[in-house]
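Below are structures written as structure tokens.
Two complexes come next, and they have one chain in common, subunit A, joined by subunit B in the first and subunit C in the second.
On to the complex of A and B.
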């Protein structure tokens, strides 16, 4: 449609200009603040250049937060993909078309919930005395107490389970829809060769879906960066610093504990650089 | 039935149960008195009460939060529609050498850590005097809604058969009326899905709202999260009721969004 019209310019330019302003102003300003020593309590500030960044690398709590964030990212992404592929293939294999529709509807519900709601729902459920999820344990052990959210060893996994509850089930629906778009011939051929069900999926269907599955994982990696709501409601980074991810630590430095806005901003800038570099590289590879 | 299939069906049924049961249990708890919630053995039989729900609906903070959420999300989505849809159409139908870069830029906005946006914006809004106001929240949310609507609407417009638009041009329609009278109505269903998705996204947003409001502009998720910090005696029933209230609006879009998902994959098939 190579027509001479002003439409592309009038439609695209204002929107992109606004998006650029809305995104670049905070981004650049985050860098400016990170080079100063602003605090919420006073309006005075001076330029300290890179000293916030130097302090960060000497801050053991920051290094812990980096490690927790990496753990969170790996645990949630891997678990989500495993649940999604497992349930997706199961639906494809054993559910009738009508059952598939019902399951698809059910599996979308958790991801639609506000993270705050999901976090509360599971915080009640994990309550050691009155929670519904810990009830089976109390029943079997005759009343022993299991408190997953207050043990350093289990807290991260307990919070991650809520993330997987939301995203793993949702992605299972997408995996099913992807399987349904595949042509039936290769599956039939494999069946004629007496391949077992799981072999068909491991060697035929899932390799055919490699590209969309990688994109799906990419989306999950981005969404996993947004862990703040769940952690804020469920553990506040605790017990101790066992679930303190980077955004949680930045928030508590900037707002709760000391109001060190510049210090928090330096952390945010590092996160921004790391994510933009990682995801730009991954995106180019996915596209290639 | 083979044992393998039976096991598979059982796992699926359990997953389906797991998907909805926690939420149903919360809804049930919102109808209970505290005595019926704080029990070592979960109670299914109890005398229902509406006290929690009426307490929630009667609180000023909750009502203010609800209004703020509706106004902030509604306005941001409206801005997203007005600015995002035309831009998406232009990128889809008049691709030029920047089209790829524009799409990548719009997607890359999603990479930005919310903290990295919220901290500088808080300082900026404080300096401008707009901190803790709805306009500040709306402008910030517009960044989210415009980019998400654009991202999802580009494929929706690409899926409109070109022939229909060509025919309209032949009939003497201009470029703008083709967009307005042909492309928009034909793509309406997918676009509705994209818009609903952007609404759910900002309705559920927590971190930015937490950082950009202190009292006046608090949205419902913030108010709900604060209810848990009242005193030593956790009002479980009230908390459950607030969770239910907060979760209802996104669930209203369940039908639209699952239809949207289906239409996305039907396009891929053909």
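On to the complex of A and C.
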């Protein structure tokens, strides 16, 4: 009996221990560094305790980065879910099984592209003179120039569109497959009640898919927090600081501009705290 | 006799084995492992990779070059040098040599640069940029100043003489802009960075009499800086599309594809503009020094010996040999033969008949004339990248219209500079 109870411990403890070391050591180290004033250019440092955190709240670029990150999160998550559900339902309604397979294959390709490659492709597509994405504007306006990546009002949306292009299309495939797994009876019952197509999806199918759709949304929320590479390649946080998210600013402070690794760590710690609190609250709200 | 023969035989064998050992020692490979280099893409380095076998024969080991674009190379080399030290050789430039040298991330080059490779043959201006605190830190891969490159056909059609002064340039550029015909008066750099938009803005700052510091006191928040920024922003209204958040690649790309009338840029542009492989405006361009009083932005990039990855003297010698070989006359001659104008740094090559035959007399004269107005415009201090990058962001905000108060931007920069000074 004793042997039976010790077996799970034998398997679980080393795994948990490795996970704890891998996750906790860097986290604790980041917290320790955030309380110091380390810079890359010198091995000397001292303890400054909460000074970095106080400085952050007086730093206009940090406050801007918080706002940009919130905007980025909202825009990319909402747009991805809208595109995914819209396209998923559209394919379910109008495409034959063979057509669906072709669409699924096409829609999966963008997410298979490495993020940096996708960023370079779209950066060129948005070029004001040669870009294919700006060509319709030049055509309609008789050659007027539109440079979405250099306009503060449009830069964030231009970069977000690439994120949505990759993930929205991929999620559309998942939504389609989810719709295909639903039992046909409730849908047939709704049709017999003369429900319109949109009503069937609004009141029957999508409510039935509430749990997996919420899971997809959480996946996208986490994924959107890691968009550093996309923004870095396309705008480097510019124009000015219009697309500078928290991770971009932390990297700039740590490695590009001033080598202030403690200041950057303080930002990372704040991001971690904010993310944990936000996700916990959202998760509890959704479960309730 | 036998003992004598035996003794003679043993003696001969000893002498022979000693000689062989000495030769073996003398020919012992300088490098015991491949040299790891962190660099940014350069045609000269790509060409160098074709001669890898030559270096292996010379040093006993090969080399591996990892390439990152300029800003990423700066960030990565800084992180690597201050932490793990994976690379034996760093590509450094005028903007960060002071930081790398004062942080002891690189070692003085000439201690490990074999005399046979003749460091004194490098262009004196580039030697000056490679020198910090009285010591030489890198061997140049590229460098120079600025040239004004202009479209003769476009200026003639508009009835405009090539501008000789900054005022003339500011007056002429709007007249040359004609978006309907895809022509823009100028191309500037808008992208953030001490080596990007700030680099192109600095000659304006100096032309209006600006100074960075007076001793330890910031002196750049001045009328000169305001005038320089306003002039830069005014010219930007006629800068080619894509340059507002672009840098060297975007501005030179616009010129070489025939969309820009006048460009004041770093000297490698002149070589690119006469090369049919890279330019669509061959035969239509002229060269002059930058309009007065714009000084040229003196710069230099090169290879330096890393301190951390080369813990012992043997490793430093190996890295030094690689740098010497990579920047040798033989390799520079190969770069000349491949028409890599921007990769030429040695006076023996720049003054050679082959150089004149390839690039013509006009360019040679313009280069000589611009040499006289080339200056170091940036603050030669380890804190320069920090200050320059901060101004780069504010300047990008001004260029793209995120902010409009020039004086407010300079006030913000001054507050930041005061923090930097306090930390010293």
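Simple rule for what comes next: the second predicted complex is superposed on the first by the 266 of 288 C-alpha atoms of A that agree within 3 Å, B and C clash if a C-alpha of one lies under 4 Å from a C-alpha of the other, contacts with A are read in each partner's own complex, and residues count from 1 in each chain.
Just so we're on the same page, contacts are C-beta pairs under 8 Å (C-beta built on N, C-alpha and C of every residue); 3 or more make two chains touch, one makes a residue touch a chain.
Quick caveat, the model's predicted, so the values are computed rather than measured.
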{"item": "Partner chain(s) touched by A:145 [first = subunit B, second = subunit C, both, neither]", "value": "second"}
{"item": "Subunit B or subunit C, by number of subunit A residues touched", "value": "B"}
{"item": "Touching partner for A:255 - first (subunit B), second (subunit C), both, neither", "value": "both"}
{"item": "First, second, both or neither for A:70, with subunit B first and subunit C second", "value": "neither"}
{"item": "Contacts of A:189 with subunit B and subunit C, given as first, second, both or neither", "value": "neither"}
{"item": "First, second, both or neither for A:228, with subunit B first and subunit C second", "value": "first"}
{"item": "Touched partner set for A:54, first subunit B, second subunit C, both or neither", "value": "neither"}
{"item": "Subunit B versus subunit C as contact partner of A:42, first or second or both or neither", "value": "second"}
{"item": "First (subunit B), second (subunit C), both or neither touched by A:102", "value": "first"}
{"item": "Which of subunit B and subunit C A:30 touches, first, second, both or neither", "value": "first"}
{"item": "Intersection of the subunit A residues that touch subunit B with those that touch subunit C", "value": "129, 143, 251, 255"}
{"item": "Residues of subunit A defined as touching subunit B within the complex", "value": "1, 3, 5-8, 10-12, 14-16, 18-19, 22-23, 25-27, 29-30, 32-33, 38, 87, 90-91, 93-95, 99, 102-110, 112-117, 120-122, 124-125, 129-130, 132-133, 135, 138, 143, 165, 169, 172-174, 177-178, 180-181, 197, 222, 225-226, 228-229, 232-233, 246-247, 250-251, 254-255, 261, 264-265, 267-269, 271-272, 275-276, 279-280, 283"}
{"item": "Complex interface listing, subunit B residues touching subunit A", "value": "4-5, 8-9, 11-12, 15-16, 18-20, 22-23, 25-26, 29, 37-42, 83-84, 86-87, 89-91, 93-94, 96, 102, 104-117, 119-124, 139-140, 142-143, 146-147, 150, 162, 165-166, 169, 174-176, 179, 200, 203-204, 206-207, 210-211, 221, 224-225, 228, 236, 239-240, 243, 246-247, 250-251, 253-254, 257-258, 261-262, 265, 268-269"}
{"item": "Residues of subunit C defined as touching subunit A within the complex", "value": "71, 74-76, 78-79, 82-83, 99, 102-103, 179-180, 182, 190-192, 240-242, 244-245, 259, 382, 385-386, 389-390, 393, 396-397, 399-403"}
{"item": "Subunit C-touching residues of subunit A, taken from the complex the two chains share", "value": "40-42, 61, 127-129, 143, 145, 147, 149-152, 235-242, 251-252, 255-259"}
